[in-house]
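Given below, in the form of structure tokens, are the structures.
Next come two complexes built around chain A: one with chain B, the other with chain C.
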Partner chain A sequence: MTGTAAAPAATAPPDAPDAPDAAVEWHRVLRIGLLGGAVALYVCLVGMVEVFQPRALVTGVITLGQTTMVLAGVGAAYVTLLGRAMDRRGAAAAGAFAGAVTGLFPAALVVTMQFVNLRAMFLHASPGTADVLTLGLGVGGAWVPIVALAIVGAATGLLLTARADIQRPATAALVALLLTGLFAGLLRPPLLASSITAGLGRLLFASDGLTVLGAVIVVLAVVGGRIAMRRVRLRSRVAALPPARRRVLTPSAMVALFLLVVWLPHGVGPFFAQVVAVVALYILMGFGLNITLGLAGLLDLGFVAFFAVGAYTVGLLTSTAEYGIALWPFWAAVPFAVLLAMAFGAFFGLPILGIRGDYLAIATLGFGEIIRILAGSDLLKGLLGGPRGIINIPKPIEVPPDHLLAGPIQIYYIGLVFALVVAFVAIRLRDSRLGRAWLAIREDEDVAEALGVNLVQTKLLAYMLGAAFAGLGGALFAGLLGSIFASSFPLFVSINVAALIIVGGMGSIPGVVVGAIFLIGVPELFREFSEYRYLFYGVALIAMMLFRPEGLLPSRIVQRELHVPAPDADGDANGGGVERDARLSPGATG
Partner chain B sequence: MRASAVDRITEYAISAFLWGLRIVVVAVVVIGSFLTLTSGRYGMETWSSLVVSGLTTGSVYALIALGYTMVYGILRMINFAHGEIFMGGAFAGYFVGTMFASIGLLSQGPLVILFAVAVMIVVAAAFSTVLALLVERIAYRPLRNAPRLVPLISAIGASYFLQYTFRGFLGAGIYVYPDVALLGERVPIDFLRLRWVDVLVVISAVAMMTGLYLFVMRTRMGTAIRAVSEDKSTAELMGIDVNRAIVTTFAVGAAMAGAAGVLYALLFDQVFFFTGFVPGIKAFTAAVLGGIGNVPGAMLGGLFLGQVESVGPTLFLDGFNVPSVNQLKDVIAFTLLVLVLVFRPSGILGERVTTQRA
Partner chain C sequence: MALLEAAHVTKRFGGLSAVRALDFTIEQGSIVSVIGPNGAGKTTFFNCIAGFYHPEEGRITFDGTPIHSLRRDQIAHLGIARTYQNIRLFAKMTAIENILVGQHFRLHGTWIGAVLNTAGVQAEEVASHDEARRLLRFVGLAGKGDVMADKLPYGDQRRLEIARALATQPKLLLLDEPTAGMNPAETARMTAFIRSLRDDLGTTILLIEHQMRVVMGISERIAVLDYGEKIAEGTAREIQTNPRVIEAYLGSGGAADVPGQDKGEIDVPPTSGS
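Our next item is the complex of A and B:
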């Protein structure tokens, strides 16, 4: 939730050591409640409440719109009780108070909307939002959010102070409920597709969310599963195995994972196959940028340019329509796409070799925009088709439409195979002499150079190899869509790739996969809420930098680096700004 | 370390490449201008209107660039969200302006209109300041001592967050700025295609920049800001409240950006949630152009970029018979950015702020 992530950031003072008397600090509770209320108000006004309303978490019981408000209350109560030792009554009271204060804001919004027309400024300060907040009671129901969130807050307080054997299963069940409700639209079609599971699908899911019975089943399944797990003491049994036997589990888990990954696009329908194909492409690009950014520390925000070069090369060489020049088969064009992307990497890399740090980001961002504008311009229209683009690009594998490999599924498989190959290459590169040189450059260019790292070659190779991976991704992208336009390569792509690396963990190979799944896959699944996708990105990036700058799955080195005490205030002048190394551009006179 | 033969060859190759780049750029500019001018396709009227539009957009860029340059000077950080602060100002001005229009204030005489525009600018500046301080407090302050990429990424996140917050609040539609008939009229000079709004934009921008310059150079707070950009820890030892200096810098830069938002929207008559992005990047270019960290440099850089971008496409490219040159406006601006970064990273006026390692 956006709200809960922002709340602890805004409450600056770190949690004091637990007060021994464990009295409720009402001032603090009030302050957090007010913050939670601001977040709740924000969520209302930004339209999430209204836009999420048509989807149900549990059909007929609670909608997604109402869930956002509930989560605001839970978040407020949770932050209130974070790190505080309190007895149950105090926790419930504090949670209820925080929830009530949070609910005050939406309530005030409902009342205000009655007297002032806010819609001139806030599109979503609408009767629709008010209906969600008051459960359809109108302005007379302004008390609803206050009472509802007070109850939610009290429940949160009780849950947080409950015995562990109640708290854990309850929390797990709630989270499972939330997730199955959220992904109902994704889980239902594959269940309905097969006649064996169709009955189960209809039992669990309605067209807009979980059914009541489904919710009960999910809760029972989670709780029951946990109890069963405790009965058989799975974890302690595994731990008790001798080490040699224990390792057997990992390969079998890997085989299971592999089968799951192969089965995935077939099992869950064509829409999902498209999504996972896109994720696979982003993973490819992520591996590429991971070299430039993750290893060598060069933030390239124009990465999409190489992606575009790869896509356009394949398009030009293979298209059977107007702008095609060679009519090559797809696979013959791919190596050229990669090579040309590499050449562009070198061409763009050369002039900016001497530029450091955040300036590099802006310079490369400029490159990305230059390529995009040129591709869509009238100047190159005769060559690249301008805004009309290049169409009729053949599929990588031509199959009849009902074949096993038709449509996005083949791109998914091809992307997956390439991702595996590229991951291998990336790992080998990382552990090579070159990879260590990159890491050295990332840590400190000057010291690296003093230790004998050739900055020019090393950096150039980082750009070129990164670009090569992106070119490969672009080539597959052209094959996936069958047509490419200048507008397919906006700056967002570059920032998305950079973001997924950062969220996953800079320089970490599994991090790229995790980042791509979270930042590309999950938002693609929520297409209907796509207007909040970049809002989510923004919050994710800020929260990540504030709380976990090393990423979700950090590489060991980065983790170590970010958890040493920060240098003193002067440290920020290090390696800064536009510095040009005289050695790198001997001809420059300024 | 002895340079091997390979190293030396790559070094020469790179230097040859960079010289080639320079020659190509200079050749395009010189030959293109020559061809365009001798073709005689454009008269005085066209050129003067291009210069005027360059001057107006340039002064808006200059105003935004001040925020970039000051924040960079003091924190060594690119405030990527600055363009969104600018957009927020434009929206604040929109709502004040619409209110004025609904009570008929904008169809009155010139003095009333001047007053109305002044109020719009002040409200926009105030709103942008609040916005920027919130962003600073939440997304930047906790990261002041983090490695350099960390605050930059947080700033990119803040930029997304603000854009899509405005989109959520206000929708994705384009908001047409309230029409001020008087400002759209031409200034009665025959050979110059100049509207009153152009005059207003340039004069108010110059006035604000002068004010800012005086603030930075003459006041105690300005001195403190300069001291902190020079050396944070020494400034602290001298009894300067570093945090206050930083916050003031953000506030002042944001106020300029907010005011620039109103001026920009008056020029182009519209604002939407993505309005801030491109001018933001351009203004950053302007700041680099003038020498980042350098206040007069940012002003000069903005005006220069405005001219290059407005006159450049026609002057440099039209002679080569490039179709629809105006599509390539941004290409010229970004090329200029890269060229400056490569060949004169200190900018037009600037000294290098960070050559010495601490």
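Our next item is the complex of A and C:
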């Protein structure tokens, strides 16, 4: 894969150093500009521009709505110049052209809206959107996006061809500006909460975004920080430390990280704790599906069923309301939730043992839906509460409302502890005899069986242990919400879990964590974004499959290859199937 | 007594009999080959023995146990291991992990033991890794244990596949065209290696080969299949002079294909006796 991708890139450069002022390929620039324009138009029509408008990146200077358009221009110019060696004038011209072409689309939208009522089809083809695009000038300002994006594109071109010591700090400052502006709503409350930092908080942030002064401070801080880092040469200093001193650094970093994690929900607020609690639940489920899908290669799209089993078990055993049957404390019910989820895992696994690939996905999809529909059905209403669900589930730790551990904060802590424990279990399982058998089944189940691996046993264990983790997540979910309904377990949960594993890297344990943060945490944190979560998912998954099919943090495969001595092969060390086939063919024909 | 006895084995695919009423025996400690033109049913017969196919008629007895209706893993437990004509390693696992999967059914660690990392599991892991490294050395792959299987050169992949099969400690090893795609020098080394498997480990070997040269050099007995039927069986000399074989398999140009006395240098270290 990498070999074939590297090959054309390796052939391209030779003429590049000789001709840095290579002619601008205007056809290509036009094509990418048109693509960028299509993206910009799409972003306008789905309403991101209008919805983001009330939030400012820098108050009074640029709104988030405008930022989306700017980013479209930057993106078009960036893709245009990617991998092309050009001089500054050429780059600026190409960037400006790409930006202008991108800007044509929103401009055309403004004009079209003037004459045709698009709102019948596109809710967001509204005067509000037009105002953002023209800076409030109305149809007479249709030139604004074209000119603005041309300038943005030219600036991108100049930045990309700038000297490294200008380019790097400038890029870092812009990214920092973007991130602080995006998450202003999250960063501001903790600063204001304490009297010591409240002044700083008011200085940096207004109610809708960064203040101008705040923006300047962020930029200066990033640039200054980089210069300071360069001066003290932090990295080389750390590297120069005697090994004994360096060994102290890692544990102290761990302790610092631990303290930060403990402090975060109190510092940043219960909303953050709530988000992390949800992420932790997804991490638990992710570890579970990582066994079934990531290790054993069994695509389970009904995974939410086990989550539901865990939640309903805790609900039934602990609820103090109508459908509670045992009035147990939360912690007594958790082991039962896990065991029952495992039993369901085996129960579901048995009939689908012989099913492979796509068919397995469809079968499991059906299972997930069956559980959800049964739970909400009239048939089991007397038992599970039907659509009214089960309420009054006790919290894991009962505390008064103003206690340190009240509300989502305790789920944050419990979720993190569970996630750690489950990560540990998942790692031990992966590295065990059973883990190897799972991998072997994923790779080639016929061969694995011919080597003596019992497929029934091994697959059932994959379903059961995966279900156990999901059941644990479900139990915690019941404790977090205090009430559960059949509608809490839609198909989309299963898809979320599968998506986070794919994005994180199949079979990779840190990948599960990264995937959960990236796909679940970030959209939750960035409230404006949550409406566009599906869009975000689609883009992320397609981009992943195109550019990094192995995931963000792939499992051992890539990492190991990095520190493996190259085999002393006669040229086919990294030979893919092509070379192998080529060598096979004479034997096959002869 | 015969280690493997196939009696009247028939395997049909639709109307086609890929293997027809085949009788075949393999003596303990021998190297036996099955040859035949393309589509003669060699691999089908192989698959019947290894449990990939279940024959419609006839019976296959291994070490006194009827195996023709057993699952693949049960057959592996009894002591039959195989390699594949087109290499089928676990591509995204390391060489040593491939071998460890071969040891799988002989190990006893449970998943609970693995989570708790009990002393028993630890000891078993250490012992199995040691054994896997010994096998790697035996097949000439010492030091390549951490290489992903699909990153190994072609010849090494063939060797690794054999090592993986050996990890099950088989009594009977089925090798499906082990020298396919190899040049003459590699073929000679592989032939010598196969002989050493029998001589050093005492493993009985059933070989499918396309190249007459390989087969003639190392086989005690050779069976020739054509259109699913056995048309001849005997020593290399008997086969070469059998007119039906010459007609069906060697053709007119076959006379030139004299028995190769492969005396390739053995560069394989002596066995550890594992």
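Here is the rule we use: the second predicted complex is superposed on the first by the 527 of 590 C-alpha atoms of A that agree within 3 Å, B and C clash if a C-alpha of one lies under 4 Å from a C-alpha of the other, contacts with A are read in each partner's own complex, and residues count from 1 in each chain.
Here, contacts are C-beta pairs under 8 Å (C-beta built on N, C-alpha and C of every residue); 3 or more make two chains touch, one makes a residue touch a chain.
Model, not experiment: these values are computed from the prediction.
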Partner chain in contact with A:D358 - chain B first, chain C second, else both or neither: first
Which of chain B and chain C A:G366 touches, first, second, both or neither: first
Partner chain in contact with A:M121 - chain B first, chain C second, else both or neither: first
Which of chain B and chain C A:G452 touches, first, second, both or neither: both
Partner chain(s) touched by A:E443 [first = chain B, second = chain C, both, neither]: second
Larger contact residue set on chain A - chain B or chain C: B
Contacts of A:S432 with chain B and chain C, given as first, second, both or neither: second
Partner chain(s) touched by A:V216 [first = chain B, second = chain C, both, neither]: neither
Those residues of chain A which chain B touches in one complex and chain C touches in the other: 446, 450, 452, 454, 561, 567, 569-570, 572-575, 580, 583-588, 590
Chain B to chain A touching residues, read off their complex: 1, 7, 10-11, 14-15, 17-19, 21, 75-78, 95, 98, 137-139, 142-154, 156-165, 167-172, 231-233, 236, 242, 281, 284-285, 288, 292, 322-324, 327-328, 330-331, 334-335, 337-338, 341-346, 352-358
Residues of chain A defined as touching chain B within the complex: 6, 9-10, 42, 45-48, 120-124, 297, 299, 350-355, 357-359, 361-363, 365-367, 369-370, 373-374, 376-379, 381, 446, 450, 452, 454, 456-457, 495, 498-499, 502, 531-532, 534-535, 537-542, 544-546, 549, 561-562, 566-580, 583-588, 590
Residues of chain A that touch chain C when the two form their complex: 425, 428-429, 431-437, 439-440, 443-444, 446-455, 461, 465, 557, 560-561, 564-565, 567, 569-570, 572-575, 580, 583-588, 590
Contact set on chain C toward chain A in their complex: 50-52, 71-73, 75-77, 81-82, 84, 86-88, 90-94, 97, 100-102, 104-107, 109, 111, 114-115, 117, 121, 124-125, 128, 143-144, 146-148, 151-154, 156, 164-165, 167-168, 177, 179-182, 210
